[in-house]
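In the two assemblies presented below, subunit A is common to both, partnered first by subunit B and then by subunit C.
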Partner chain A sequence: MTLYKNLTISQKQIVWAWCFLAVPAVFYVTIRFYPTANAILVSFQDWNLLGTRTWTGIDNYVKLFNDPVFWKVFKNTFLYLIIGTPVSLIIAFIVAYQIDKVRFMHGTIRALYFIPFMTSAVAMAWVWRWFYQPVPVGVFNNFLATLAIPQIEFLNSTTNALPSILAPAIWAGLGFQIIIFMAGLRSIPQTYYEAARIDGVSPMATLWEITLPLLKPTIVFLVVFSSIGFLRIFDQVFNMTTNNPGGPLNSTKPLVLMIYDTAFNGFDMGYAAAQTVVLFLVLLVVSLLQLRILRDR
Partner chain B sequence: MATVSIKNLVKSYGKTEVLHGINLDVADGEFVVLVGPSGCGKSTTLRMIAGLEDITSGEIHIGGELVNHREPKERNIAMVFQNYAIYPHMSVRKNIGFGLRTSKASKAEKAARIDEVAELLSMTDLLDRRPNQLSGGQRQRVAIGRAMVRDPSAFLFDEPLSNLDAQLRTQMRLEIKKLHQRVGNTIIFVTHDQVEAMTMADRIVIMKDGHIQQVGTPYDVFHKPTNKFVAQFIGAPSMNMIEGSLADGIVTLEGGLQIPIDTSSTHRGPVTLGLRPDDLLVSSQDGQFEGQVNVLEPLGSETLVYVSVAGKELIAKASGRTPPVLGSTIKLNAAPENMHLFDSATGEALQ
Partner chain C sequence: MKQIRNWILGAATAAITAGGSFSAQAVEIEYWQYFFEARVTAMDQLIENFEAANPDITVKMTHFPYADYRTKVAAAIPAGEGPDVVQLFYGWLNDYVQADLIQPLPADQFPVEKIEAEFFPMVQAMKRGDNYMALPTAVRSLALFYNKRLFKNAGIDGPPATLDELVETAKKIAQKDGAGNITTVGITTGMTGQDHHWFREGLIRQFGGDPYTDNYKSVNYNSDAGRAALKYYTDLEDVHEVTKVGFMDEAQAAFKAGRAGMHIDGSFRIGALNKVRGLQWGVAELPAAADGTKSNYSSYWVNAVTTKAQGEKYDAAVKFMAYVTSDEAMQIWLDTVGELPAKPSAALTETNAANETFGPFIKGLEYAHTTIFANESGQRQIMVDMISRTDLEDQSLADSLAAAAEAEQKLLDEYYQ
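Presenting the complex of A and B:
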C-alpha cells in the first residue's frame, strides 16, 4: 500500500488505467488473438479434431490452390462483394436522401426501413426462401403468373441463385445504412444549400458538388463496413440452400460456408484453417485498399 | 446595382404572424443595417429578400421589379451567412468561383474575375488554400469574395461578424465599410449589435417584435429616438429612464424633484424622462440630481458611475483620470436640450 501511495498522480492514473484495461486485454488475448494464432498454426498441420496434429508444411495451401471448388467459391465471395456493396449503398443513399426531405410520418417511415435490420437473419432467409418458391406457394412466381410471365427458378438455377440470395442480404443491411446516411446528411449545415440556391446551382450539381463530397466520411465507413459484411456472408446462403448448402453446384457457396463445410462436415481442420487464413488476408487487403483509395487527400 | 423596396411585408408560420407589415425603401448604393434583439424578424426579412423564405403577403421589389415569385438566383442578389457557408472540400479559388458555375462567361473570363475579386480583398496568395487552413477573418473574406464575384445588384449580410472575436470584428467592420465605399453596391446588413449598426450604416432600421420602430441615420436614431425602445436599444450603456409627470414645461419626478425641460409639448400627465449617461455629468457645483456612488466602472478614458438618486440607480459618466470616490455623495447635471421625454403610456417620444 505504501508503494502505491508513493506514486505520483500520473503514475497512479496509469495503474488505474491498466486495471480497467486488463479485463478487455485478457478477453481479447484469450478469445481473439490466441485462436487466431492457433488457426494460423493449424493451417500448416493435418488435424481431424480428435487425433494428433501432424505437421504438413504448406500442403494445405497447395491443395487449396489446386482445388477448383475453392476458386469457384472465391469468385462467388467476390460477386457478393462487388454486387452487394454498390447496390446496397446506392439504394440506401437514395432512400435516405428522400426520407430526409419527408416531414410526413418521418419517424414511422424510418422505423419501417430499420425493422429488417433488427429481424433474425435466419427467419428472414426462410421467409424469402418461401417467396421464391414456384406456384402456388411462392409470392413472386404467383405474381408473375398473374401477369402471364413464365416461372422463374430463383433458387434452383446456377445463374439466378446467387442474386436471389444476395437480395435479402442487401435488404437486411439497408436499415442500418439508411440510418447512417441520414445522420451524415443531417450533419451538413443547411446554409451550404442556401448559398448554393442563391448562386443558382442546379439540384443535380448540388448533389454532386456539395452533398456527396461532404458525405465522404460516411461513405467510406459504409463501404468498408458493408464490404466486410458481404465478404463474410453465411446465414442467408446456408438457410436458403439447406438441402444442398451452397448449391446448386456450388454456385452460391461463399468462403465462410466452405470453411464451415470443410471443418465440421469434412473434419479437415488444417484445410479449413488454411481457408480461414485466406479469408482473413482477403478482408485485410480489401479494407486497407478501400481506406487508401477513399482516404482524404 | 439596384434599389430594394419592401411593401407591407408579412410573414406567418402557421397561425403565428412574425412580421407585421414591414415597409422599407433602400436607395441604390445605400448601406442599410437592420438591427434589433433576437426574434425581432430582421433575419426573416433578409431571408425573404433573398428568396429563401416564402412571402406570406406584401411585395418585394429589387431594381424596380417585383421578385415575390422568383427563385433566389433570378433576383441577382448575393448573401453572406453567419457561418460563412464556404465549402470545406474546395479550395478558396473554387469556393469563390462556385457562384460563376451557371454564368455563360468563358473559362478565362471567369478566372480573371476570380483574380480580380481576390485582388480587391487582398487574398490572392490564399487562392489555393483550403478553408481549414484559413483564420476566421480570412474565411469571412472568402465568403464576401464569393458574394462579390457575380457582381450582384445587392448584397445581403446575415450577422456575418458574430462568429469573430471582438478585435477581428472591429477590423472586419471597417473593411466592409471601406469595401462598400469602393464598390458602391446596395447592402442590406443584419446584426443584433447596435455598435455595428451605428458604425457602418447609412441608415439604420430598428426592429422589434416584427415591427419597424424607427428608420433613420445613425445621428437620428441616437439623438432623436422616436420611442423608449429605440432610445434604450441604441447607445451603451443604456439611456437612464426616470418616471415622472409633465405639466407646463416642468417634469416632477417620483421623488418630488422638479426638472425644468426644454419642450414645446403641451402633453400633461405621466412621462418618462430619458437621460443618456454621456449627457449626465458629474458636477462640482449645482446639480439637478444628488446621490450616493454605488459602483464605479473604470473604462480608461472615462468612468461609469452608478449613483442612487431617490431610490433609483442612474448611470453617469465621469472623467477617467479623476473619478468620484466610491460611497461619496455627488451632484449630477444634464443640459435641458439633451433630455428626452417619452409618453409613459405609449412610449412615444414627445417633442
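Presenting the complex of A and C:
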C-alpha cells in the first residue's frame, strides 16, 4: 500500500489504466490462449475424449502428412480461398462502384445487397441446397427441364460441387464487402476527381490512377478478412452436404470440416488438434504474406 | 442480534440433522441420457414406477443434447460427479470400458447364462470376460416400408418377399418424365441412410458372405458374395433404373413425399411417418434371398452402472438396472418410444408380433446381426464413397469394393492397435 501512496498522480493513472486493461487481457488469456496452448499440447498426444491422454510425439503430424484425404482437403481449402477471395472482391467492387453513382433508391438497393449478409448461413445453405436438387424438387433443374435442357448435377458431382457451394458463400459475404468498399470510395477526396476532370483524364485512367490506389487500405483489409473467412469455411459446406459431409468423395471438404469430423465423429482428439495447428499456421502465414505484399511502402 | 444468530444456527443444525436422517433412508441415484423427447417421457414413467416399488430410492434424470453428451459424461464421471447409471450407444462400449467409466454388472444378479437365454443374441456383444457390462432396454432393426397407394396404383398385391421380387415391384412403380429424369423411384437408395447396414449385414450375408471376421476386427466382404451384393445394389440404379442415389436429397424425404414405392429404414422412423398426413404406408420384413436366407441389422442403446456408483448407491443402481431391463419396462418403452423390446419374452408376445407396424421389425430381430463399429460414421462414409466412386468416377464395382475393404480395414486397425 505504501508503494502505491508514493506514486505520482500520473503513475497512479497508469496503474489504474492497467487494472482496467487487465480484465479483457485475463479474459483473453483464459478463453483464448489457454485452450490454444492446450490444443497444441493435445496435438502431440493420443486422446479419445474419455480415457487418459498418452504422449505420442509427432505421430499425429506424420499421419497427417501421409493422409491423402488431408492433402485433398488442403487443396479444397485453398480452392475456396483462391476462387472465393478474388471473385467476391471483384463483384463487390463493381457493385459498390455502381451503387455509389446511383441516386435513385440508393438506400433500398444497398439494403438489398446487405440482407444476405444478415441471414443465417445455416438457413441459407439449406435453401440453396434445395435449389440445387435434381428433378423433381430442385428449382434450377426444374427450370432447365422446362427448357428441355439436360439436368446439371450441382452437388452430386466431384467437379461442380465446390463452386456450387462457394457461390452462396460469396453471395452472402457480398453485402459486407460492398459496405466497406462504399465507405472507402466515399473517403476519397472529391478534389482529386475534380482535378482529373479538369485535366481531361479518361474515366478508366481515373479508376486506375486515383480510385484503386487510394482504396488500397480498404482492399488490404477486405483481402485479409475474406481470406480468413474462406479458409475457415464450414457452415455452408456442412449444411449443404450433411448426409455426406464434405462429399462427394471429399471434393468439397474444407479443413475445418475435417477437424470437426475427426474430433466429434472419430473422437480422435490428438489427430484433430494436429489438423487445427496446421490450420492455425496456414492462417498465420497467409495473413502475414498478404499484409506484407499489400503493405504501403 | 444474538437471538437471530442463535436462531439461524438452530435452523441450520435442524436442517443438517433432517438432511442426514433423510439420506439415511433414501438413496438418490442419478441417471443420464441424451435428449430425445419420447425417450425422456418413457424414462420418466419408468422412474415413477421404480420409485413406487422402491420407496427408499429416488432417481434423478438429467439429459443433454446429443452433441454434448459424450463430453459431459467423460468429464463428470472421473471427477466423481454425474450419473450412477448412464446410457450409451452399444458401439461406444469399448471406449467406456477402456476409460474405466463403467463397471461390470454383478454376476449374481445378472448371470451370463440367464442373459444369454433371455435376451436376443446380438446383446452378447456387451459381454466382457465373465460379466455383462451393459444391457439394453430396447433394440432397433430394419424393415421395408412401402407406400400402399403407389402399390395399389401399380396393381401390386403386397410387398415383395424376395430380392428378385423387390426388383420387379420397383420396376412397376418407378416413373420417368419425358426427358428420362426419374420422378418416382421404385425403392430409395443411398448409403447415407440405413442402406449401409442393409448392405453389410443384409445383402452380403444373403449372397452367402460373412462381412467381417475376428469379431468385426477384420473386413471380409471383398469376396464373391460382396461383389454380388454390390452388383445387386448398384444394378437397381444402373441396370433396372428404378432409383437414383440422392433422389429428393434424402431417402426418407422421398418416401414421406409419396415419391418412393419402397424404403428401407429403422423402427425409429415410425413416429415421423405417423405424423405425415395422407401417406398410406405399410411395413414388411426385409426381402429374403432366392434361397430363403433372411438377414437384418440391429442396433441399440444400453444402460450401464458407472464407476462413480459405490456402496449403497451401487446397490440402488443395480436395482434400477434390473428394473429397466425387465419385461414391464420394455413394454413401456415400446409403447412410448416405438423401440423394440430386447428380450423375446417381451417382444414376441402375441399382440406385439401381430402388430402390423412393429411385427415385421420384431420378426427381423430373430435373424439380426449387430455390427461392432469402431467409428460408425467413418465406416458409413467408406460405403458412401464406394458408391460415389462407381457413380461419379466410373470405377469398376470390384475395384471400388476392394478399395472400400482396404480403407475400412485401415480404420479398424488404427482403432484396435
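In this section, the second predicted complex is superposed on the first by the 290 of 297 C-alpha atoms of A that agree within 3 Å, B and C clash if a C-alpha of one lies under 4 Å from a C-alpha of the other, contacts with A are read in each partner's own complex, and residues count from 1 in each chain.
Heads up, the rule we're going with is that contacts are C-beta pairs under 8 Å (C-beta built on N, C-alpha and C of every residue); 3 or more make two chains touch, one makes a residue touch a chain.
Nothing here was measured: the structure is a model prediction, and the numbers come from that model.
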Q | Overlay on subunit A: subunit C relative to subunit B, clash or fit | A | fit
Q: Applying the touch criterion given at the start, work out whether A:P189 contacts subunit B, subunit C, both or neither, answering first, second, both or neither.
A: first
Q.
By the touch definition at the top of the document, which applies to A:R197: first (subunit B), second (subunit C), both, or neither?
A. first
Q: Have a look at where A:T108 lands relative to subunit B and subunit C in the superposition and call it first, second, both or neither.
A: neither
(Q) Looking at A:V137, would you say it contacts subunit B, subunit C, both, or neither? Reply first, second, both or neither. (A) second
Q) Who does A:N6 touch here: subunit B (first), subunit C (second), both, or neither? A) neither
Q) Just subunit B (first), just subunit C (second), both, or neither: which does A:L214 touch? A) first
**Q.** Comparison of subunit B and subunit C by subunit A residues contacted
**A.** C
Q) On the overlay, how many Å separate the closest CA atoms of subunit B and subunit C? A) 52
Q. Which part of subunit C faces subunit A closely enough to touch in the complex?
A. 67, 70-71, 73-74, 95-96, 98-101, 177, 179, 181-183, 190, 192-193, 244-250, 259, 375, 377-378, 381, 384-385, 388-389, 391-393
Q: Spell out the part of subunit A that touches subunit C in their complex, as residue ranges.
A: 48-52, 129-130, 133-137, 145, 148, 150-151, 155-158, 243-244, 247-250, 261, 264-267
(Q) Which residues of subunit B touch subunit A once you look at their complex with the stated criterion? (A) 50-52, 71-74, 77-79, 81-83, 85, 87-89, 98-99, 101-102, 146, 150
**Q.** Complex contact set, residues of subunit A against subunit B
**A.** 189, 191-192, 194-202, 205, 209-210, 213-214, 216
